[in-house]
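Shown below is the structure under consideration.
For clarity, chains are labelled A, B, C and D in written order, and residue numbers in each chain start from 1.
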């Protein structure tokens, strides 16, 4: 006789980090680090259990407070949620390990910062961010999604300003204002949808919505708001400064996970709620903006002079790929599922590769005190592991054959060509070439002889764990390519394309 | 009776609008702050009238909160702006 | 009766819009903030007219009271000590969002007319577009809503808004308290490094006795609002906002800064969320679900959660106010407390 | 004009004005004020639509959502103001009092 419902496993990825965050805040000091590390296996196990249940028993739904959907809030896990949870668990675990070393080294007032225990502040914020992400990926209620979005934003802001530098504060304020505008637009959409349909539950909305003017307005408001929060070109202005000036583990989290949160909501609403006749006329808008983002972000990355800014602009570019899904994935068609799952796979792969790159950039900054690209050769000798990780992650970002990014881009290319979107196909290829171009700027450093070794520069020691965890994450991005088949099968569970397939399999 | 009560409430609202002119024109910060104080008082009265007129007694609680919290901004104001500077045109870069 | 109410509504909404525009365009920032406080008061009247008394209470306490105090407090920080030059509007020509120059001394028009024109065009078209959608919704007689009547019987409270907030959608509220926690974490991390001490303004006898007189009343009303929240409009947030406002009053008049140990303060800050989580997890015992209350216990548990939440949220609000204060320790030459998470204002302990 | 229509339209205007102010106003404090007003506009639409049928009590769900929204808004405002304060006080001042 089970003490609780079996689907109660959905609660733990949210509650475990949240409760730990509270304990870490109260106890403070060294305890926050210990607790933060201790909760990692619990969260990983919780997401694994959720995935295991979804894999074997199909989509899971859990009514919080035992109030079923239209009245209460439900948690819902299908293949897409599980993929996102796994991504969050994986990157979160690596970043946690990395942060132990990173913040141990930076508690002292070394670079003109006021002395404060940044580590003790990092852990509660990060654990709450982790909790907010899982809450977002599991929520099945459009207003609750708004609350999780705000939770995510405020946690991200708190993390960005941890360094306390003027640049960080400025970037944080810009980020906050943009994010607030985005969530208000989203909330306005929620207001219209509740006013018209009297429900907030995604599943009931998906069943009850009819094509009317209010729904179209809601779609537009939510789309613009979420595109702003996901930093889609030309609404990306807030991202590079925020991601570039945050502490390295935070940049990895922001680029790898946080922007995926708002993208996830848009993906879910677009395919689960809004009827096709509304989304179809709009398909080109996000896709074209996505293509523009790929080109513009890559160009900026090509001319960036700091490694972290290069990686941040690369994020702007890679986020563009995600938005191609709205142009390429048609509900109901088989190529639709291919494009949809390819984009999600790309998001997972990007999260790992980009996370690894930011962690590597943080290690370089930590060791050398700067991340100027032209001075990288002098650093590369001291950090062979980190530069190897950069190499591996770059392979993942460029989308060379064994990686998941390759599988994803290849599929997208096929769908684009099959659908007659020659322009998008060209951009997909071009984006890969541009990525190779800007990443080779960094890689070249590893193979270049340092001209004059500046003996005046003092290099700090780097904890081993920082280097190994970075390499681990980079390798995950590489190995994900081999696991792309099971991931795509996982995504099929509960996806908008799954019902006919299940019916075929039944008889 | 209700017509009378609601009429008075409406009249008080018009008073608030008239008071806005003082906030608008200033000229000193003190003028603006004092005019806004008027709204706390008048708002309380409007709420009490509405509570009667709409026969919704819960509105009296709102009136209570209005009356209690209206001074907050004023107290913050007098603590943060020395009276000397607020009295002699301590407003923020007026053109005049 | 209807006609005078219609006039009332018309004047109220018109004033709201005019005040909102003036908040954006008044050249004087102080005026803008005073008008923003007035805006909160008027909005509170609007909630009353719409029958949303719970919202009106929260707006009166948070929207008009505390947010206004936050803004006034922040504006005061832009005046430096002994610097009588008021902060002018900083214009960014390049369209940058953040102007990092300190306020300039030279007064200049806040918005050139081209800016106003663009503003008008954008605001006008968004209004027209959204109005075209909202008007049919607002006049339709078909108003779908979530049915709660049957569930109310098992909710443990009789005020439907409290039932939604703390029972049916308690999960939203849980996350919302987490949002407040995050705000405190961020604000106090920003305060920690840069808190400074300024010379205090002397507090006159009138102010001191006013605060002594009003504080007990504020506490009493807060308890009343909390207690009545289960069956009438009111509840934890409104009560907490009242208590928080009382705390702000106490802080700015520097009579007796309430002091408590840093550790205790942290415990009090998280107590609300922690108890909420524990009650939620307790619901999972005995084949229940997260945040499920047994119907017989629902009323007691909701009251428990609300009471602890009130204390925590009040403290949160006070600390948010501290985070926007111009100086570290107000009212005395106390050294600021540099430890993270500690706010100098509320703390008596000295680290240096 | 029913109260619902009146207040819902006001909400729409406030939302548009606040949103435009966020983009067009130069000063940061005014941007933060604008966000608050845009938020109030959305809340007004929410609550006004909850009161469409005059003979039944208003729908409590949007009221609860708006209460949540107000608390979220005050949190975000406080963070924004703290950031603003930090910007205006940076960086010349000595970090320790």
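One rule holds in what follows: a residue touches a chain if its C-beta (ideal position, glycine included) is under 8 Å from a C-beta of that chain, and two chains touch if they have at least 3 such contacts.
Keep in mind it's a predicted model, so treat the numbers as computed, not measured.
**Q** Could you let me know which interface, B-C or C-D, is made of more C-beta pairs in contact?
**A** It is C-D, judged by the count of C-beta pairs in contact.
**Q** Could you tell me the distance, in whole angstrom, between the mean C-alpha positions of chain C and chain D?
**A** 11
**Q** Between chain B and chain C, what's the gap in Å when you average each chain's C-alpha atoms?
**A** So the centre of chain B lies 19 Å away from the centre of chain C.
**Q** So how far apart, in whole Å, are chain A and chain D when each is placed at the average of its C-alpha atoms?
**A** One centre to the other, that is 28 Å.
**Q** Measuring centre to centre with CA averages, how many angstrom lie between chain A and chain B?
**A** 47
**Q** Touching two or more other chains, which residues of chain D qualify?
**A** Chain D, residues with two or more chain partners: 15, 18-19, 23, 28, 31-32, 45, 49, 61, 65, 68, 72, 75-76, 79, 83-84, 86-87, 90, 95-96.
**Q** What positions in chain C touch 2 or more of the other chains?
**A** Residues 5, 29, 49, 51, 66, 73, 75, 87, 89, 97-98, 100, 130, 134, 137, 143, 145-146, 148, 169, 172, 176, 179, 182-183, 186, 190, 193-194, 326, 338.
**Q** Out of chain B, which residues touch more than one other chain, so two or more?
**A** Residues: none.
**Q** Line, ring, star, complete or other: which one describes how these chains touch?
**A** other
**Q** Can you give me every chain pair that touches, using the contact definition above?
**A** A-C, A-D, B-C, C-D
**Q** Applying the document's contact rule, which stretches of chain D touch chain A when the two form their complex?
**A** Against chain A, chain D makes touches at 15, 18-19, 22-23, 28, 31-32, 35, 38-39, 42, 45-46, 49, 61-62, 65, 68-69, 72, 75-76, 79-80, 83-84, 86-87, 90-91, 95-96.
**Q** Quick check on the complex: what are the chain D residues that touch chain C?
**A** 1-21, 23-34, 36-37, 40, 43-45, 47-53, 57-61, 63-68, 70-72, 74-79, 81-90, 93, 95-97
**Q** Please name which positions on chain C make contact with chain D in the complex.
**A** Counting only chain C, the residues touching chain D are 5-6, 9-10, 13, 16-17, 20-21, 23-24, 29, 32-33, 36, 39, 43, 46-47, 49-52, 54-55, 58-59, 62-63, 66-67, 70-71, 73-75, 77-78, 87, 89-92, 97-100, 102-103, 110-111, 115, 118-119, 122-124, 126-127, 130-131, 134-135, 137-141, 143, 145-146, 148, 160-161, 163-165, 169, 172-173, 176, 179-180, 182-183, 186-187, 190-191, 193-197, 237, 313, 317, 320-321, 323-324, 326, 328, 335-336, 338, 352.
**Q** Can you tell me which positions in chain C touch chain B when the two form their complex?
**A** 1, 4-5, 7-8, 11-12, 15, 19, 22, 26-31, 34-35, 37-38, 41-42, 44-45, 48-49, 51, 53, 56-57, 60-61, 64-66, 68-69, 72-73, 75-76, 84, 86-89, 107, 201, 203, 207, 210-211, 214, 217-218, 221, 224-225, 228, 232-234, 238, 242, 245, 248-249, 252-253, 326
**Q** What residues on chain B touch chain C, complex-wise?
**A** 2-3, 6-7, 9-10, 13-14, 16-17, 20, 23-24, 26, 29, 32-33, 35-36, 39-40, 43, 46-47, 50, 53, 56, 58-59, 61-62, 64-66, 68-69, 71-73, 75-82, 85, 90-95
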